[in-house]
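Same chain, two partners: subunit A is paired with subunit B first, then with subunit C.
For the complex of A and B:
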């Protein structure tokens, strides 16, 4: 069969030349993907610019500290600030109440809390003024009379790809009181089917592929035609799903392990073919080891959070800025869609800090200089890459 | 450099001498094992690419059962079926489809069929946890390799099967496989130049009644359209 010579597939990893991100909330990523922000600029940078649309992000919780909530809050706030529809599921009885605790974007002028409301605009505003030049200012075009000088004043819109969020300032109500925000409580759900249905119907509004048509010639297997009509990503068509503590013990459906897996698998495939990102946090220590591994394999992006012990003298000696660190974020897998090349990060362990107790910051671990008497070499900024689990909980 | 480097895996799998007459994997069952840290799906991609493009005008056919990713991700595949097997009846139906495809092929070409499954752990999820049925399905696929001479390539995640019950499932799959490809991260951690290693690529070859066990250990670096293979320390 010489079929391989002529590529009839319409799937291509090349970045489509014509389509580009139509708004600052979405940017073009590698291999024809589009990226959205996680709400944490440091995490976006580590992941290569943002989270690709179509990804399933899984966060392994630490039962000793709720640091996964920091990630979830920023992720949800970022979507709401960008007016992206949101589906939020949580084991609490009143998930909607949680929305009131989401952080607000911090503005450079912290006093003007309402100033950004009036200035939420899409696109560029361009104003230009014509000014007749009558020779008052010498122009480099010989100061001719009647020359018209155009002055363009470009006012940049206030929407950015990624915002800094102030954890002490709650998000304005108007961001989450609209129709585009849906909440569901997983506590009393008898099984996972209801959640699955809500996710599927939510994601149907962001379908990336309007129509796919296959034609296969069974006789000689040479002729395969795949025609796909794509819906390019725009802000109105991009959604976010945030599922908190899936498989938490207080939920009735938490012991249905195979159903959970089936749900995650189906969510992953639906999200992949939609202009959406889903984030699931789960208590990994409360799920059996086998199932925990299965969940991990399903994730496009896998991170775990870990609490830092208080008053740990050994760690205080080892790390600079120990007192500011509230926990660690470990990145186990970076999303790689439409490519087989793995991403190798300079650092897989980041410290979670709260700057001024307001801003979430992720930093590479910096090993404190060790004095010469101990015989250890001086540490510089940590290039923390290590898969070895024998060295302890920290990967330097 | 590329064609020479490609031969390390090809040699180990017996793919370095592809001809129109000989079936590509020689009717073998290949099991690829990987873990969360290092994915082995690139081996699948390379195998499929090799099978379909190595020999012009060959009658090699790949039947791809994809449970892990949509076809848009597998860019190079020409034919396949998306895995939607649900429960025992779903697996029966899937097997029936496979035999239908096989029977649709001319008899002389049946041994050129390679069934590729990505991956077995998701087949278990699709079958709602009935691992026994999944094993039965795999055994049926193995019978195709002996009856028709076609080949079978499966991917599975070794780190899932750490408990006693899981170990039995994994060992059964390993036992049934003729070739075992284990993909692992480097013991020293992540590196930009070396993405991982094959831990003891085992090949049990039945050669005139005797069993030959061939072991290969080499490392790899994955690129966009190809993979570099090299012995440790030998990368140019």
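For the complex of A and C:
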């Protein structure tokens, strides 16, 4: 392993000593990446286990619906519950006030009642929604060995990789009153440079690489300047950045599109070399089309949310569970770090549901069986046709 | 629906939430946005006076009409303006927005006349001052504390002449998140602005009401002279289309028709149901799942290339060897297309059918079993 090699002057990646058994907040992912949870177990499953450290997640907002806030809330709560330092930027005057609305992890017995509820579906429906139930079993098998242990000892050790969050219960104050939580308001910033500096200084605590410089002063070669950045990828040293509504119209800097582009680019590169994850939401309809495309290209993980019309009879006929769905989530790009192999998702469109108005659940779209007279096939996994049509309706 | 809008404005804001905000937008094709604005204004005033709404006062920021116009209008609508000092304040940005008259009065050129009633605002480029004045006037009406008031901005289009979009957006978002604001609504002429301006303001609003014309032709010159009177009549009518952003994240879309009259604007429900099809969301299949009536009729008329049509008489089929006997092909024949299930019929097509039995040579002595190699 790397530890036995003698180091002369080289960069070497210090693999974190923490394995999954020691810190459940970080999971080992494929291709040498480490994953953190997004706060939404269904999204973690779709993304292949979680969000890799070092990736930039961009969420394209729909100006008609606040679903990106659901994603942000869960993401931030997950970080706070795991005591990971957080930097939050928002266009409101008092971003800290938002922290009081973050959801709290739900207690285990609430979880049980939720899964029990799902089984009480009518017998007729199971025939073509069977994938929903298979999925739960599979995730247990695929997960780390440490995870199964943790499900049994959840009573003793509250730390899991990913929690269910109850949107109706606010997070306890002690989670977010602390030095490790920092908030900025982007509203009155004259330009984006201030935000960039804060992000850079925040991320400097999590830099991943040990880098050793030897600089020799030629006048007196006994002077050796060694600069070493220490790095310990322990739990306390993985950070999260959440930037809400980056190009909101009330921010002064929303006009400066090139500056914002270079900000995102520098943030992406800084995050990549740090043990951190950044999530940026932006209203895609307010950014000009060319810049929107550029921003999308910069994202490691690109996701968009979409509102659905209310009381729409056509949709109600087409989708089951329409009355529970509040919106759609489209996954455009899955983070693929250290690999060239593309990820092929079973379904790129998920429906956002709030179960009992408390728990955020993402589900694959289940198309209702079409009338027999029309002769089209039953959508056993309505994903294929559902996904292609939904993604077709999107405009970037 | 105009009633739903007024109800939402009446209900106001919940604790900890942004105040509901309404954008009324119109275009030159149907320039009745101001009619809608005044309608909402009079409804809001009536509710405030009756004590039925959350807000107890109204601040009108008037850019495009004078304050006396509003007071007259409210009087004509049956709202009691005698006690107007107690519940409405009109911020006059119409008379002297840039302070020119004031300057001229100072230098003695113009006689100065004091404005009665309304509060004169002479510095529209200073958005911070405007904001603090709005808040001051509002809390002057309702007092400090938990009581809220509403804000109506006559024309954001006029505001945007003096102040850039980011500042206007900042003003609106500040007002929305202020504790004392119950609701806020404004008018916008959307074809004067960039698309970005309109989408930004829609982003900030929880309801978007657009006034559209009935005839969709953009040039409006499509009718000839005979239809001119019809065009004129239709010009005073239009479609009123509202999108509500609900709390659960869904969007409710409603449609109405309106009719502009002397006394004001009247709303009626849509007479013809267009059947809102969620265009982008219905799956696009490659084949027609349903046939129209015409298509069903045509399908019934297709003569199929079978020997027995089931109607008692055998049919002659062209087998490529004999000449076409026109009598036997006297029935209407149809053409079938190559695609899987689509059936459309054009009159005058033919079905050319070659029997499989034609492939065999007559009187052949070949025994097909001879090909087997056993």
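Convention: the second predicted complex is superposed on the first by the 293 of 396 C-alpha atoms of A that agree within 3 Å, B and C clash if a C-alpha of one lies under 4 Å from a C-alpha of the other, contacts with A are read in each partner's own complex, and residues count from 1 in each chain.
FYI, a contact is a pair of C-beta atoms (placed from the backbone, for glycine too) under 8 Å apart; a residue touches a chain by one contact, two chains touch by 3 or more.
Given the structure is predicted, the values throughout are model-derived calculations rather than measurements.
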Exercise for the section: Using the touch definition from the top, say if A:289 reaches subunit B (first), subunit C (second), both or neither. Expected result: first
Exercise for the section: Examine A:261 and indicate which partner it touches, taking first as subunit B and second as subunit C; both and neither are also allowed. Expected result: first
Practice task
Have a look at where A:332 lands relative to subunit B and subunit C in the superposition and call it first, second, both or neither.
Solution key: first
Practice task
Could you look at A:250 and tell me whether it touches subunit B, subunit C, both or neither (first, second, both, neither)?
Solution key: second
Practice task
Could you say whether A:93 touches subunit B, subunit C, both of them, or neither, answering first, second, both or neither?
Solution key: second
Handout entry: Touching partner for A:350 - first (subunit B), second (subunit C), both, neither
Key = neither
Exercise for the section: Examine A:301 and indicate which partner it touches, taking first as subunit B and second as subunit C; both and neither are also allowed. Expected result: neither
Practice task
Share the list of subunit A residues that count as touching for subunit B in one structure and for subunit C in the other.
Solution key: 288, 385-386, 388
Practice task
Quick one: which bits of subunit A touch subunit C in the complex? Just the residue numbers, please.
Solution key: 63-67, 91-93, 101, 187, 248-252, 254-255, 283, 285-286, 288, 307-312, 314-315, 318, 326-327, 352, 354, 367, 370, 374-376, 385-386, 388-390, 392-394
Practice task
Provide the residue numbers of subunit C that touch subunit A in the complex, in ascending order.
Solution key: 16, 164-166, 169-170, 172-174, 177, 196, 199-204, 243-246, 248-253, 276-285, 289-290, 341
Fill in the blank from the handout: Note: in the complex, subunit A contacts subunit B through residues 1-4, 9, 11-13, 216, 218-219, 221, 224, 226, 228, 257-259, 261-262, 265, 269, 272-273, 288-290, 293-294, 296-297, 302, 332-333, 337-342, 344-345, 348, 385-388, 395
Fill in the blank from the handout: The residues of subunit B that touch subunit A in their complex are 36-39, 41-42, 45, 52-53, 56-61, 67, 69-73, 75, 78-79, 101, 104, 121-122, 125-126, 128-129, 157, 159-163, 166, 185-192, 195, 222-224
